Amino acid sequence: MSDQLTHFDEEGKAIMVEVGDKTPTQRLAIARGEVRMQESTLGRILDGDFSKGDVLAVARLAGIMAAKKTPELIPLCHPLLLTSIAIDFFPHPGEGRVEIEARVRVTGNTGVEMEALTAVSGAALTIYDMCKAVDKGMEIHAIRLMEKHGGKSGTYLRNA
Amino acid sequence: MSDQLTHFDEEGKAIMVEVGDKTPTQRLAIARGEVRMQESTLGRILDGDFSKGDVLAVARLAGIMAAKKTPELIPLCHPLLLTSIAIDFFPHPGEGRVEIEARVRVTGNTGVEMEALTAVSGAALTIYDMCKAVDKGMEIHAIRLMEKHGGKSGTYLRNA
Amino acid sequence: MSDQLTHFDEEGKAIMVEVGDKTPTQRLAIARGEVRMQESTLGRILDGDFSKGDVLAVARLAGIMAAKKTPELIPLCHPLLLTSIAIDFFPHPGEGRVEIEARVRVTGNTGVEMEALTAVSGAALTIYDMCKAVDKGMEIHAIRLMEKHGGKSGTYLRNA
Amino acid sequence: MSDQLTHFDEEGKAIMVEVGDKTPTQRLAIARGEVRMQESTLGRILDGDFSKGDVLAVARLAGIMAAKKTPELIPLCHPLLLTSIAIDFFPHPGEGRVEIEARVRVTGNTGVEMEALTAVSGAALTIYDMCKAVDKGMEIHAIRLMEKHGGKSGTYLRNA
Amino acid sequence: MSDQLTHFDEEGKAIMVEVGDKTPTQRLAIARGEVRMQESTLGRILDGDFSKGDVLAVARLAGIMAAKKTPELIPLCHPLLLTSIAIDFFPHPGEGRVEIEARVRVTGNTGVEMEALTAVSGAALTIYDMCKAVDKGMEIHAIRLMEKHGGKSGTYLRNA
Amino acid sequence: MSDQLTHFDEEGKAIMVEVGDKTPTQRLAIARGEVRMQESTLGRILDGDFSKGDVLAVARLAGIMAAKKTPELIPLCHPLLLTSIAIDFFPHPGEGRVEIEARVRVTGNTGVEMEALTAVSGAALTIYDMCKAVDKGMEIHAIRLMEKHGGKSGTYLRNA
């Protein structure tokens, strides 16, 4: 791993670093996070009574669209032509939490870690928004990179 | 607190709910979160050697700009004329974490909880982005609403 | 009704016209449109087999988010603080078409006709996108203003 | 033609489908639509008295800029590096309608049908906006794909 | 005039300053700038041969749309509901330059100087873009605030 | 140099011209501009008393983010995957001015002159915004292309 913060030049000025000399490769990043909530809130989300509306379906779209907005949100991120974005939810009834996983792919010169993390964040914030009328105490936790593949630095796998 | 998920109508369809009959009031929301990292990463961020660049200054701007993008990111959020956004960082040397606090104000018909939470998320993601070359294992935690004031539902204070 | 194209000044130059001297009033606009498709495509959308995914739920969110983007899309539209956006679908099995209705409200100086029409367009385009793998021949028709209320020009009701 | 709605995975969850394994090819999509209006409204648009301002020139730019916004508007669309966008208008005096045609090209992994349809929609909505002070009854019709070329599924030509 | 840089708090941290306690007033800002070019380039722009296309009409729309994007571009700008935007061009044949003037109005808590300056910049950059194939040496000069009215600090008039 | 304004077709209609048949090459554009201000304003910006906040650091980020927004701001600009953006400031104490230089790179089918010029403009406007409370008379000058490399038209160097 580099020992440099690559978003600054040698004088400490913020830059969007040159990636034009990197070879485009297929890249994948997987990020995870979770929303913790009251058990009753999770019950409502999962309720068979789906006429109440599908919180997770809205959050999924929000996460996908957030991933596409990453270079607008993160000042020094490069624009990328994302080739796929998928978001999964893993509710844990009895534990009052929903895990979120985002998988983002690109064929390009730089990785998609930030896009995957941004997708998770966008989905998590949307779950909060959809449920805040009944549970203002919800918390977003453990947004983190699980895996990345491709690129010069190669594969990263988070220790379990 | 309401017992309804207000972003769905009675048939379960997602809507941006009517707020036009609410009285505009001065509103404030305060949200917090934190980025956990290796102690050495925090050391670099805080390093007197600020010629290395100011990670937190970039993250602060990213958080402010993210707050302004909230209605683009959260599908059912209302557009609002935010009147102030401030972001503070509380580094905890020795604990490998930086706390982030966002305070957002508006005079309007609906609250700014989501704007404050989005500001914290944007700042946290940017810290990750700025430091990921040296510490891919960083995690974002405990994004949560601390206080809100104003509006019909009045004051909310998180229990300590 | 005015006899002027109000988006041009007296010399024919495009302007975003002054509305600052208008009194803010509660305004509502209702627009409609429809997507025509093969009967089998509509069947899939409506299919009890909803594990196939909810086309209309995605289109509803797209329409809501499109309404918020109206001043970015329509060059001379004023920014507005929309207070509500709701979208309904009326499928017509046997006729191979889905009607779309958008209702948009604001308390402001100018009307929300364009926001309602843009919401319908965004929802219709998204239905096309979701189904184009099976039916490239779909057509979008009859996007039109049904009603508007509020503002100096008052109520408009389309003749049946 | 596929028999699947490709924007959902096998469990019915919305995804932005992987296109990274497709070969980039030159692609073209041509879409059309029309705005129907009072004959007098069309007369004003076409009037030699062009000091009244050029409605179609504004609509053309709006359509071009809308095409570039497609992945922000259509939730599951991929970002693309459009290589050209052209919009033509075909007024039909005596019939009270203006036809709109958009041609969009890309060298990429996925097609530009949605970009062409979005360009037509953006131009049509802008014509409505520019003329609504004199003709609120205008209608947008027949937004449809005329041709597409390139990509694995090859050429599509609408039947006349 | 204040002796403080108001976009920093007392510790030097960037903030979007609170304006919620200011009284909304009608405000106007007028900004100017100019594009200097070869006389032949200006000739083409002004040419009776308008079949060559209307550079200034495109630039006018770009300026209007840029003004609406100001809070996305200028990190610490407040969002505002602009009530009018108008852009005028004053070509100076024989001097190889086009002056640009933008007038922006709002009823709000903070001024529209940045919106007017951004409108001028957007129009100037677009003139450059439209003509760069024939004149890469064009320069943008003298973007400046001419007047502002309204708000606590009252009227500002640039010395001639 | 071409003798055509390439953003219009042969009939004078604005188009985003086809670049799909151009070969992707590595391209670089360098643009410059300057902000003129009172000597005391420049003193504050440069002041050792940096607890007053870092105007140029904010302006740098604004310029980088503005470059990424170029195709949204300039109507006929192509979207591009910028591979690097760097902004430098050259303050001239005693002359009351700060020079701004932006360097933008891409591997693509079309040049990045507009991105570099837009980066300079965004940084300059932000300097104005940050300092306008103490110096409304600031002016932005001499935004111009210094160099471009790559592409069919090859190298351009401004005469000194």
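To keep things simple, chains are lettered A, B, C, D, E and F as they appear, and every chain counts its residues starting from 1.
Just so we're on the same page, a residue touches a chain if its C-beta (ideal position, glycine included) is under 8 Å from a C-beta of that chain, and two chains touch if they have at least 3 such contacts.
Protein identities per chain, from UniProt: A, B, C, D, E, F = Cyclic pyranopterin monophosphate synthase.
These numbers come from a predicted model, not from an experiment.
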List every chain that touches both subunit B and subunit C. A, E
On the document's contact criterion, could you list the chains that touch subunit C and likewise touch subunit D? A, E
Could you tell me which chain lies farthest from subunit E when each chain's centre is the average position of its Cα atoms? A
Subunit A to subunit F, mean C-alpha position gap in Å, rounds to 31
Taking the mean of the CA coordinates per chain, how far is subunit B from subunit D in Å? 37
Where in subunit C do residues touch at least two different other chains? 13-14, 54, 57-58, 61, 65, 69, 72, 75-76, 79-81
The subunit B residues in contact with subunit C across the complex are 9, 13-20, 71-72, 75-76, 78-81, 108-109
Residue numbers of subunit D touching subunit C in their complex, please. 1-8, 11-14, 33, 44, 50-55, 58, 61-62, 65-66, 69, 72-77, 113-114, 117-118, 121-122, 124-126, 128-145, 148, 156, 158
Please name which positions on subunit F make contact with subunit A in the complex. 26, 57, 60-61, 64-65, 68-69, 79-88, 105-107
Applying the document's contact rule, which stretches of subunit A touch subunit C when the two form their complex? 54, 57-58, 61, 65
